[in-house]
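What follows is a set of structures for review.
Two complexes follow with chain A in common, the first pairing it with chain B and the second with chain C.
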Partner chain A sequence: MELLSLSPPGWGGNLLRGLVNSLQIAFGAFGLGLVIGLFGAYGKLYGGVVIRDLLGIYTTVIRAVPELVLILILYYVGTDLINKAAEAMGYGRVEISGVVAGIWVLGIVQGAYSTEVLRGAIQAVPKGQMEAARAYGMPALLVMRRVTIPAMMSFAVPGLANLWLIATKDTALLAIVGFSELTLETKQAAASTRAYFTFFLAAGALYLIVTLLSGVVFGRIEKWARRGQPSLRAGQSR
Partner chain B sequence: MGLDDNLAQEVGQNTANDAITVTDLHKSFGTLEVLKGVSLTARKGDVVAIIGGSGSGKSTLLRCINFLETPSSGKITVGGEDIEMRADGSPANRRQLERIRTRLAMVFQGFNLWTHRTLLENVIEVPVYVLKIPRAEAIRNAKVLLDRVGLGDKADTFPSFLSGGQQQRAAIARALAVDPSVMLFDEPTSALDPELVGEVLTVIRDLAAEGRTMLLVTHEMKFAREVASHIIYLYEGLIEEQGPPDEVFGNPKSPRLQQFLKTVGW
Partner chain C sequence: MTLRALLQPHRIVMMALFAIFVIWCALSLRWDWIPQYAPLALEGLWRTIWILIVTCILGFLLAIPLGLAQAIGPWYLAAPARVFCTVIRGTPLLLQIWLLYYGLGSLFPQIPWIRGSDLWPYLRQAWPYAVLALTLSYAGYEGEVMRGAFSSVNKGQLEAANSFGMPRFTMFRRIWLPQAIRSVLPTLGGETILQLKATPLVATITVVEIYAVSSRVRSDMLIVYEPLLLLALFYLIIAGVITLLFRKFENSVPSR
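So, the complex of A and B:
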């Protein structure tokens, strides 16, 4: 058990640092994915032919290729492109922070899924809601901010909750590019001490705790998002 | 009037006596021509009732007036100001259209209240976020309006917890909150259970009596005859007959109108 203690020679501190890194990336990627997803969803619904086709390619390719492969491609191609660009502009090679790279890579993946979740949610909002807003003189962006986005939340939250959980677990894939998130830290701790079982069990428990807490938080968010709708379970009627 | 007079002056700066004029309005959906040249005028205080069979273009007419549908051609004038249009009928000046829309309050057949907001939030939404009226003042106005439509005790309730009649009355309060120069009603009681129709008609009747200008699409012939100053009978996208209620209902000239009145059990 002292293997897990927070201060050396225990490895608990490393595991927690890995967890914090994982959560940071998951959070950033999820947020970036939401932003991409919102633009993607609006682009798919209201964009011109070119935009719709490009977005179609984006969401299809990202969802078709295994995430591990995508991460390798995006990470190496991405860092390569940035360095080429930096050199072209006369800077030397730039050191790319693992967290930032991880957020970008996973964010682009998340964005494809978010696009589909949000597109479906926007389509589920009764048209009359947006129409009333337009009829009363709201400009398009205000309609989006005050009506469409809040009204679609109840349809989007379950799908987004799934995406968040996927984001937390996809951070483990970043181990392959040497980023010290929870899984890589665990592997190192296990290898150094040969206590594989202890450490992977501990890591599994940490992932499980994150999932359980996320469930509570998203449950609250969903309840809030559905505040205007009679509860199905209570059989509340008009 | 249940509203601040300041608000009335801020919102309706029109000086002309005609609240709204529609000139030679055409609208096609693809090859289907739904409006074939409709013209009408409502002066301040007029209640113009629009009647006609299903599919005759009544909703399309109302929706073209505030450009929820883009007219194919024609002209819409609100308080003496033409809505700027391109050659294809699309609005040429977004900001002007948005400003004019705040003076045209629409009441929909399906209510279209914002379901994620309470009644009070629904009523203050446009005053606060579009007209930029201070929130406290908007809330004060909204409470007066909700009281007026008999929903003072439901201010903090969400729309889906209310009956259709209550929702429609709330939608009317939302419309009144912008102190509109013209109210557009599209079959406001058609989605209601029969026993709830009366409570909504009572509210509309009050508004007519206080001199609100309105265009009212309705299937309630008795009501139309009672509150309207002018009746327009629409048939396949054209005005087939119009005039004062007593003439249109008492002595219809067009055989189509006679037939129509018979089918609705007049």
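So, the complex of A and C:
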């Protein structure tokens, strides 16, 4: 147990630092994924044929190739591009921080999934609502902000909650490219003390706490997004 | 997709661009390592597929009692099943794999009767831990799906079977399970692709599957993109095959 204490002889501090790093990346990636997903969903629904096909390829490829492989490809492509750009502008090679790289890589992966979630949610909004707003001469952006997004929230939240959980768990994959998030910190702590079970179980508990707390938070959000709507259960009977 | 849909002008342009990209890759990147590594790659590919099939089947068999326990079991069966599913779904798979491999792997040598047993030569290798971790993970995710499937089967049919005096096990085998499986088939396809995408994680515990082969090529030949692109292509093809197989499955069972 004293192995887990927060001060230096124990490794608890390292684990918590790893957890903070993990959460930071998960937050960033989830946010970036939402932005990509919103544009992607609109592109898929209202875009031209070319945009629709390109987005189709993006979501299909990202969802069929393992995250680990994508992380490696995107990591190298990203650093290569940035270094080329930096050299072209006359700077030397740039060292990219792990957090930024992690957010960029996981964000693009998340974007593909949230494109699908948001597209489904937008489609679930009754068309008449958007048409009514358009008929009153609302500009497209205002329709999106005032009508589409609030109305689709209740359909999107369960899917987005799932994506958030995937984001927190996918941060563990960054351990393989050597970024010191929770899983890698745990492995290092375990390897240097030989107390594998203690540390892996502790890390598992931390992840589980994050998951369970997120469940509570998203439950609240869903309730808020559903305010004023009749309960879905009421109409169902089997 | 019909041929006509494929031959729209913008799609022809996109395919041409893609073909140019492929030709550019073929000409300007290094591929001379392929003959040398092809046997190893085939072995790795086979191991990936083998692990995928074995863990999916075992995991699914484990998921049936897990789902059943949660759907109708008494609380002393339902509660552990629910905890198991929550824990598996709430922690990263990589952590589970490392916990089993490093944790159990460091525990077993200290127990004399395990060292002396016939299983010891296997327990010293990495793949039993990989199979165990992936099986448990698949069972955890699938158990949750099966719970929904079991409770969605029409109660009237079960009551009818019951009133004809069908034994409970026959009822389960003939009516309940087939309908539950039919209703999860689409989800099952998706979950199997997720499982495919989880297999490269076992490369981190020294199981040499296709991802591990590509990492080896990368470090041996000091190249980055070539093996990764080829690897992504392999996974795309396997995922496509899984999708087709499940579509065929779904079409072969009569739907309501």
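Heads up, the rule we're going with is that the second predicted complex is superposed on the first by the 231 of 238 C-alpha atoms of A that agree within 3 Å, B and C clash if a C-alpha of one lies under 4 Å from a C-alpha of the other, contacts with A are read in each partner's own complex, and residues count from 1 in each chain.
Here is the rule we use: contacts are C-beta pairs under 8 Å (C-beta built on N, C-alpha and C of every residue); 3 or more make two chains touch, one makes a residue touch a chain.
Predicted model, so just to flag it, every value in this text is computed and none were measured.
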Task = Could you say whether A:Ala26 touches chain B, chain C, both of them, or neither, answering first, second, both or neither?
result = neither
Message = One more residue to check, A:Ala101. First (chain B), second (chain C), both or neither?
response = neither
Query = Who contacts more of chain A, chain B or chain C?
reply = C
Query = Which holds for A:Gly128: it touches chain B only (first), chain C only (second), both, or neither?
reply = first
Task = Using the touch definition from the top, say if A:Leu55 reaches chain B (first), chain C (second), both or neither.
result = neither
Task = Mind working out whether A:Phe197 is in touch with chain B, chain C, both or neither, as first, second, both or neither?
result = second
Task = Please work out whether A:Leu68 is in contact with chain B alone, chain C alone, both, or neither, and reply first, second, both or neither.
result = second
Task = Check the residue A:Gln229 against both partner chains and state whether it touches chain B (first), chain C (second), both, or neither.
result = first
Request  = Could you give the residue numbers on chain A that contact chain B in one complex and chain C in the other?
outcome  = 238
Inquiry  = Touching residues of chain A toward chain C in the complex: what are they?
reply    = 49-50, 53-54, 61, 63-70, 72-73, 76, 165, 169-173, 175-176, 183, 186-187, 190-191, 194, 196-197, 200-201, 203-204, 207-208, 211-212, 238
Touching residues (chain side chain B, partner chain A) in the complex = 66, 68, 94, 97-102, 104-106, 108, 110-117, 125-126, 129-130, 158-163, 174, 178
Note = In the complex, the residues of chain C that touch chain A are 8, 10-11, 14, 86-87, 89-96, 98-99, 102-103, 106-107, 152, 154-155, 193, 196-201, 204, 211, 224-225, 228-229, 231-232, 235-236, 239-240
Query = Hey, which residues of chain A end up touching chain B in the complex?
reply = 126, 128-129, 131-139, 142, 146-147, 150-151, 153-154, 225, 227-230, 236, 238
